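Below, chain A partners chain B and then partners chain C, in two separate complexes.
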Partner chain A sequence: MRNRFDEQLFELNREIIEMGALCEEAISNAVKALVTGDVILAGSIKEKDNAIDQKERDIENRCMKLLLHQQPVARDLRTISAAMKLITDMERIGDQADDIAEIVVFLDGHIVDNMELIEEMAQETIKMVTNSVDAFVIKDIALAQQVIEQDDIVDDYFLRVKRGIISLITDQAVNGEVALDLLMISKYFERIGDHATNIAEWVIYSITGMHKGA
Partner chain B sequence: MTSKIFKSILSVAIAVLLASLVVITGMLYQYFGTMQESQLKDELSLAASATEQLGQSYLSQLDSDRYRLTWVDADGTVIFDTHADSATMDNHENREEIREALLTGTGSSVRQSSTLTEQTIYEAVRLEDGSVLRISVSRATAFVLVICMFQPILMVLFFAAGLSAWLARRMAKRVVEPLNNLNLDQPMENEAYEELSPLLHRIHTQHIEIEQQMQELQHKRDEFDQITDNMKEALVLLDHSGRILSINPAAKNLYEIASVTIGEDFLTLERKQFMREALEQAKVQGHAEFRAQKNGRDYQFDVNRIDSDGNTRGMVILAYDITEQVNAEKHRQAFTANVSHELKTPLQAIIGSAELMENGIVKTDDLPRFVGHIRKEASRLLYLIDDIIRLSQLDEGAEMDQEDVPLKQLAEDVCENLTDAAKLKDVTLEVTGEDVVMRGVRRLLYEILYNLCDNAIKYNRAGGSVTVSVSQRTNEICVSVKDTGIGIPSEHQDKIFERFYRVDKSHSKQSGGTGLGLSIVKHAVQYHHGKIVLASQVNVGTTITVLFDTTA
Partner chain C sequence: MSNIITVKDMCLWYGDHKALNNVNIDILEKSITALIGPSGCGKSTFLKTLNRMNDLIPNVKITGDVRYEGNDIFSKEIDVNQLRKEIGMVFQKPNPFPMSIYDNVAYGPRTHGITNKVELDEIVERALRDAAIWDEVKDRLKKNALGMSGGQQQRLCIARALAVQPKILLMDEPTSALDPISTAHIEDLAIELKEKYTIVMVTHNMQQAVRVSDYTAFFLLGELVEVGPTDDIFSKPQDKRTEDYITGRFG
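Right, the complex of A and B next:
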């Protein structure tokens, strides 16, 4: 009985890793598309997002079945409930990567000159997502903690990008629509950073049983 | 064990108890029955003689609970009874004992009561007057006796059960104790029950077998570990569900992990898309391979499915470093592209000039200039092909004749051959140092000095100088070519020995040369097991020092 349960937990763990990897790929592809103005790559992110959504449903099903059939307690219960929270955040990351890609398609290869800051912000966000998935994979509290701290950096980037965009508008260097799109993109990155932070918090919860809010 | 012993002891106890109960009850019942009968007879004879003398008055004054006396007339009518009113009683003529007594003088009979709980014994005797006196006594049947003894028997049984439990436990302990004390590691050295020796012997042989098999396994394991530990390729074995069964140090290095990860999901080490896809592909098709960058190096990953009896047992992931190979491939591609380009350029110039002449566009006066151009380009082509041939010879590493070469003299020869070129650029040439004789291939050493000096002149400034110095040190011969030229920027310094590499791409036409000179130098030095030291500063000059190890 226990053996079968362990086997299912193992499968659950694997599926979450796969979903995390898909999120990483979605966001890094979105950034690549944004930087290079690659519209085809941007279009392909939709598929990644669909795969992520499918994965979320699969994992949800698995978790429900485990909860109903095995009625886990203590650590196992924490693992499963944390998994259910994790995947919602991962799914949101996938959605936002797709949203960024949509804007890239909308910009249609139009690359703005001072993209460096957004690019730096994107790299920092990718690092956060990777670290949060890594923290889950190797069950590393310190790494999860680092992700939570990293969020401040991304938030800071958002403010700087915002100021940059304001000055772009006042200088009339770009048209208003592009400026707004850029603002949206940076907001999406900021939100992705928040989701990565959430993931890190749930990772800590699944290991220690303590959640930040509690 | 205890319960088994307990059961057998208890059943023996119960059996003994029941058997003795039956025997004793039967025997005693019989004995007391006979006793009672004779007693009854004595009483009767006493009563009979008393009744004969005293008549009814005796009987009526008789007060006995135990016995019941009945006096019956010869015709069966009851005259008197000690326990009942004679008037109400039936005629007793047909009673067995009375009939017997009337006939023979004495009679007896036993009758069960209707409930079977009591038994009445009758004894009768005929008196002299023909009447019959009967005595009777009631006693409990054997069945009732047994029922009465039920409670004590039950108590005995309880006691027996308790005793057997205690005995059983003690016995089991005593039987098992030597078994528990057996030293199973050394089964033949035990002195327990004799009955155990076949078992111990068997354990002993199995011990030996297991030990041998363990050793064999350990040996195989060690062998496997030794091979995988020392192989440069990263090797990971996975079971059917993707858990790591074995991972060698090279793979641990590749994934930068220190701790043992046996039993964990392989995806915890590598979750990249290409690996997931390769594992999926290998699961379906049996094999997958891909190239990927890891830690800044190129790796070739081979993933293979392991089947046995038609079932998938697991996966093997083998990764090997192909950085050199990838670089060599890139070099080869660049070389081919460069060679074709370099060969094409002079040919196009030749064809261009020839076409102009063919179409009669060239004036007669200009003809020598065009022919000269063709000749110049043709000889450039020849140089280039010569250089390529020389390089490919060096690449092949063919054996060449070695001889003692006086290096200083060789350097002077080179300088003499380059005097014209030096004059053209207004550069002074100088050879310094000692007479050093080195064993090597004269042609290659000449090549080295020629190319180095040629470059030193070519990339010099007007009024500059080139100094060649030859010196012998302990264990090595040092040849250095120093110029006062334009120098080589540091970012190009480690690339100038590559084929067709040029610091300033636009210079190639201007300075001539094939772009293969330093490449030839590098190979020629390598052939002599030497090494090249480059020191250069932009706009100050370059010193290339070649060190030949004389101990090798």
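Right, the complex of A and C next:
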């Protein structure tokens, strides 16, 4: 029954996986560029961000068409409305990866000691993004819940990075501008964690019909 | 608001065939309740039980408790004509009598003994106004009702049901024979009517149930599977059978 509609929902999932993969690449390239000071790699993230924006519009169109053609109800309605919400968060993740890359270009190969911690933080946020998208695709509440809990770890990283930057300033090991740039970068990663958390909350809604705070 | 109808453990047999199995439902007054389910699931049978239209079918046996305003509708003290006056019915296909628009609406009140012209005029106008068709027909009340469009005929049938001042309107797929514009008229009308009346509506159109009703009851194989606020039923149904039916993955 409803083979065609089910195929279209399958296609929607496929596109969301692709968009998720683009986001993961954008973040991991951003962190790689940061750690290695690779300005060219940093410059290439803009293209990824553009591809993410395009994907958002494609998925949006697909969802609008599904709403119009299939007039979905119950879990179908929840899946499609959750998809429309979570691509907005994915799009913001793309923007933030690009914001980080812009700062890397600005730093122009300037590498400081505090990078390991930021790198670990970045790996943690990438995991959150991957898990949140996977949770949507395989409809896994436990995995979505895990993402929400992971956000505390990322928040904790942010505080540690901040403290690290403060000591760098105290020790006069870094100039003020670079210190602020590093703080901005870690804040962007922290925000990426928040967006992954939002995605996970929409995943839970799509499965249970209950959204946090509703 | 209180329950105008309460149904407890109702079963219904057509001969040996059990068409309704242990139905329990409360109908809230001045609300619209949609009955949905696949053909043959018992929803129309259930609807017709509420004003004892099933009495007209031979070999029907009903058990359980059905109360209208607290009174057992199968009790010997119940006047069936009075019950059907208070619980009116509108059918799938518009079925105006082959007489004038005026006489169609005046038919019920006349049957109930009203002959005063001024009084009848008032009743007819009020019923036609309530059925949102007065402006379209006020200049041709003496014209034959069969000359109206399908949508107008259906609203006339609603006016005819309203003329005897019912409390409940039962509607059995009231728009399935109508075009989209007439359907929209009837849907808007139903929402206006619930200010004064209680409506129970059988529909095969899911979107109609979503648009119009406050509560939705899903029937399957003679069983009331799930009933609840319409928004809940269509966004997060509790029973997998409801989910499968409304999302079109039934069977």
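A few points about this structure:
Basically, the second predicted complex is superposed on the first by the 213 of 214 C-alpha atoms of A that agree within 3 Å, B and C clash if a C-alpha of one lies under 4 Å from a C-alpha of the other, contacts with A are read in each partner's own complex, and residues count from 1 in each chain.
The rule is short, and it goes like this: a contact is a pair of C-beta atoms (placed from the backbone, for glycine too) under 8 Å apart; a residue touches a chain by one contact, two chains touch by 3 or more.
This is a predicted model, so every value here is computed, not measured.
Superposition of the two complexes onto chain A shows chain B and chain C fitting side by side, with no clash. Once both structures are fitted onto chain A, a short way to say it is that chain B and chain C open up an angle of 60° at chain A, using Cα centres and rounding to the nearest 10. Of the two partner chains placed by superposition, only chain C is touched by A:Leu77; chain B is not. Contacts of A:Ile17 after superposition: chain B is touched, whereas chain C is not reached. Taken over all C-alpha pairs, chain B and chain C come no nearer than 13 Å in the superposed arrangement.
According to the touch criterion, chain A has no shared surface contacted by chain B in one complex and chain C in the other. Residue ranges on chain C touching chain A, taken from their complex, read 206-207, 210, 234-237, 242-243, 246-251.
Every residue of chain A that touches chain C in the complex is listed here, in rising order: 1-2, 5, 71-78, 208-210.
Partner chain B is touched in their complex by these residues of chain A: 7, 10, 13-14, 17-18, 20-21, 25, 133, 137-138. Chain contact summary for the complex, chain B toward chain A: residues 241-243, 265, 267-268, 271-273, 276.
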